[in-house]
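Okay, so chain A shows up in both of these, paired with chain B first and chain C after.
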Partner chain A sequence: MTASHDTFSDKMADAAVRATPEPLATRVRGLSDRAIAWLFIAPTIALLLAINIFPLFWAIWLSFTNFRANRPNAAVRNVGLDNYSRILNDPDIWASMQTTAHFVFWTILLQTVIGFALAWLIDRKFRGHAFWTTLILIPMMLSPAVVGNFWRFLYEPQIGLFAYAVSFVSGIPTSDIQMLGNVHLAPWAIIIVDTWMWTPYVMLICLAGLRSIPDYIYEAAEVDRASPWRQFWSITVPMALPFIMLAVLFRGIENFKMFDMVNLLTGGGPGSTTEVASIALKRDAFEAWATGRSSAFAIVLFVAVFGLANIYVKALNKVKQR
Partner chain B sequence: MSSAKTSSVTAAHSVVEPSPASRRIAGALVILYALVTLVPLAWIFLTSIKSPPDSISYPPKILFTPSLEGYCNLFTTRTRQTPDYIAALPPPSGVCDAVTRERNMVIAGPSNFLPRFTNSLIIAFGSTFLAVSLGTLAAYGFSRFKVPLADDLLFFILSTRMMPPIAVAIPIYLMYRQLGLSDTALGMMLLYTAVNVSLAVWLLKGFIDEIPREYEEAAMIDGYTRLQAFFKVVLPQATTGIAATAIFCLIFAWNEYAFASLLTSGSAQTAPPFIPTIIGEGGQDWPAVAAGTTIFLVPILVFTILLRKQLLRGITFGAVRK
Partner chain C sequence: MTDHTLAPKKPRRPFFLRRGPMEALAVALIALGFLMLFQPFALVLYTYSFITLLAGTLMFTIVSKFPE
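Presenting the complex of A and B:
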């Protein structure tokens, strides 16, 4: 960098600016730090460009055409914004967005309430809490597809354990508990499995939030004779809120693009009652082979997730600063 | 509560410690939740050691004679034969042979489960190795050097993981068809590497940030080059972080279903899209599905227990460290 520097001032500069170790490069043998930085980062960026960004641009291009992947030799015509206007005016697409919104809303509500309650209970630090916490965490690590597939068996009205248990408790005949076949129950069948699977996720993050609250704040509240109720709403909830928000955002993004579980449990059915956005997209792209139109739909979903991801990263950085 | 306050300074537990009674209630509720949520998993295992008639009996059987039929059916294909034909055969050569003959069937050959399971192993380990290698280099680059636009690059890297898999799959499908990567282990490995590298960079950057710079600087003053310092000083210090990151990448690749179900169909198909297709005579062979699910889930169970201290970090991209 600065060839005129003698070794002494180099050392001084070194000690002074730890954050910018460029002066080291003049002294050490081998590659300069800048070269190493790029050498280390470039492969990752190159891979992401090839596997994520290039296909993304391809999809953007396709979204303006009438291309069909099952007819690769047919003439490709530019259709301008036609695909987008058809997507945004298609009542089926809007219905799938509504189904997604319903699914996201209820799963997040249930997971946040149950997850926070569990975290609060675990934070009482009863004997053996670490062991039980680990057991509770197991479902979220498992494959949503493979486990979701098994839930089809649990949901079987004639032989399934779920129908049996519900019937045993409520007295409703098992033949009426068609969790996957009934248009009113099918969305809830998916919400139940998702909540079973992902409540531990919210719980774990909420637990970190609760543990980040220093004891002295509660001690001060005790001195001020604040009631436990008041302490809960004025200290516990607000101080754990950034963590709760982080969990909510992440679950929101994940469930917005939910595919595995729904595809295996109901495949979007009965009819299209559980056809969330990803299932609608899959049908359009890989069953109807309307590649151009489905690319436009994919881009619309991208933009939505990208917006959410932006908020998510801001939330991450906020939590990190604590 | 207020009576405890006055003695709190000298008492064994401070004012903010919950009372023993509230602890016991909290413990009971958490344990109840854990037991209920573990029922589906226990049911998977129990179904895997049931005979097919036991698995579909109503009410569901908790006590039954264990059978290896599910595991036998998982690994074999069978054909139905007349009792006379079976009686004329030489004595059965193994447990599965005997179990199959009781159902008036003979083993025709191995099923596709083992090749699919092997695919899962190859693709998961291959992509994990690549993602962690690339991720470690990039994380070191971001951690130690002033990279221009570092925050934007890091956000870009993370955002690629947030994209809906079905939306990504459309152009990937077309691209792989052009490149001859459709239904190949290499194609799936590259795709999973691209998805996992974002997690690896974010997690490992956190781990490497925690290793004091002074270690490398001391090594460089002793005459190491930057590269030598990286390999001989930083990497050994980051072993725990690298191992934890590798397990997270492994679990993702192992569990992945959306890409696998759309982009593989035969030779490169992994276990998650295969397991739901296991059928017997007259529908889904639930004991065999349960057996496949059990074998598939056991590694994840082991890893979850090994990872329990790092889980929080892994699921929040390294933002929450406890």
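Presenting the complex of A and C:
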């Protein structure tokens, strides 16, 4: 059986070699399976090394120097841990970390709660649920640049629909509803936009989790006369938890480096109330041109996200094993 | 006479080479470093957050390769 299988494989290989040009065929015939596998993955590895690994090591090296990208010909001096010391003693950067934490916490909380609730409703399979699913998914498909500009118009105090709607409900004059100009409202304006845009993504992942729960578990619970509330907390939530955690991980990593939306909506203002870490990093790197210091800042953020992702994946594996 | 013989007891690894407790320690360091980095109360905690995070992350990367 094995011999005949080998003969068949050999015949197929011979046919493939005959079909290729003579010099290439001779070379391919001499390659082992392992070599061919390496040949296939080599371009991906090369690309990863070029655009991910090399810049990372380059940034680590730069973080110990006084390099400035606007003076490429100036002598580069090793400054040891000075850049890290300045980053970790700077009250402005500390404030930007707190702004980031505030943004990440609230966006993730809102997106998870609303996303899971929507997924749970869509999973009821009511009439027209496919239409509503498509409609809900639209914000996620838009470009952040489009969403940013679109919401800037919505937030306009004079002509914006958002200000008009709030004014209609609360009675506050539209000129007083300065979502992007008020220091207390601007962080929430960004949270609202991010939640509007990315809740469908969380909903989609949660929906996949809910659809993976077999019906017989609910049928068994019905037989045991478990209430819908008990079924929700004892079946639905534990079985969808790995999916919810995955959605939180993806959104958490993404929101830690949130840049485009904040830059378009407020540019970090008013003052520095919405200056998240990525905006502060961009200012340090491309306005102050302190490339070495901003590299150190980027490494601090990288280690924070990498460390958190590590423990999160460990927790996720534990939940999956249950 | 019985064929049952007790299997020789494996010598226990020293504490710092055991995966379970060391991984827990690394996770605790990462969590502590993370909280220190984003807390709004004391600048000194923020200053030492990176070294705590880095120690935890490096430790986790190494000890997660230890056998169970």
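Everything that follows uses one rule, which is that the second predicted complex is superposed on the first by the 276 of 322 C-alpha atoms of A that agree within 3 Å, B and C clash if a C-alpha of one lies under 4 Å from a C-alpha of the other, contacts with A are read in each partner's own complex, and residues count from 1 in each chain.
The rule is simple: a residue touches a chain if its C-beta (ideal position, glycine included) is under 8 Å from a C-beta of that chain, and two chains touch if they have at least 3 such contacts.
Since this is a predicted model, take the numbers as computed values, not measurements.
Look at A:Leu185: by the touch rule set out above, it reaches neither chain B nor chain C.
Put simply, more of the residues of chain A are touched by B, taking chain B and chain C as the two choices.
Contacts of A:Tyr84 after superposition on the shared chain: chain C is touched, whereas chain B is not. Contacts of A:Gly307 after superposition on the shared chain: chain C is touched, whereas chain B is not.
In the superposition on chain A, contact of A:Gln98 is made with chain C only, not with chain B. With both structures placed on the common chain, the touch criterion links A:Val76 to neither chain B nor chain C. Touch criterion met: A:Val319 reaches chain B, while chain C stays clear of it. Within the superposed three-chain model, A:Pro144 lies in touch with chain B and out of touch with chain C [touch as defined at top].
Touch criterion not met for A:Leu210: it reaches neither chain B nor chain C. Residues 306, 308, 310 of chain A lie in contact with chain B in one complex and with chain C in the other. Chain A makes touch with chain B in their complex at residues 18-21, 24-25, 28-31, 33-34, 36-41, 43-45, 47-48, 50-56, 58-59, 62, 69, 118, 121-122, 124-129, 132-147, 149-154, 158-161, 164, 174, 196, 199, 201, 204-205, 208, 211, 215, 218-219, 222-223, 225, 228, 243, 246, 250, 253, 256-257, 259-260, 263-264, 277-278, 281-282, 285-286, 291, 294-295, 297-299, 301-302, 305-306, 308-310, 312-313, 316-317, 319-320.
Interface residues of chain C facing chain A in the complex, by the touch rule stated above, are 23, 27, 30-31, 33-34, 37-40, 43, 46-50, 53-54, 56-57, 60-61, 64.
Chain B contributes residues 1-2, 5, 8, 14-16, 18, 22-24, 26-27, 29-31, 33-34, 37-41, 43-44, 47, 55-60, 134-135, 137-138, 140-142, 144-147, 153, 155-160, 162-175, 190-191, 193-194, 197-198, 201, 213, 217, 220, 224-227, 230, 251, 254-258, 261-262, 271-273, 275-276, 284, 286, 289-290, 293, 296-297, 300-301, 303-305, 308, 311-312, 315-317, 319-320, 322 to its touches with chain A in the complex. Of all residues in chain A, those touching chain C in their complex are 84, 88-89, 91, 94, 97-98, 100-101, 300, 303-304, 306-308, 310-311, 314.
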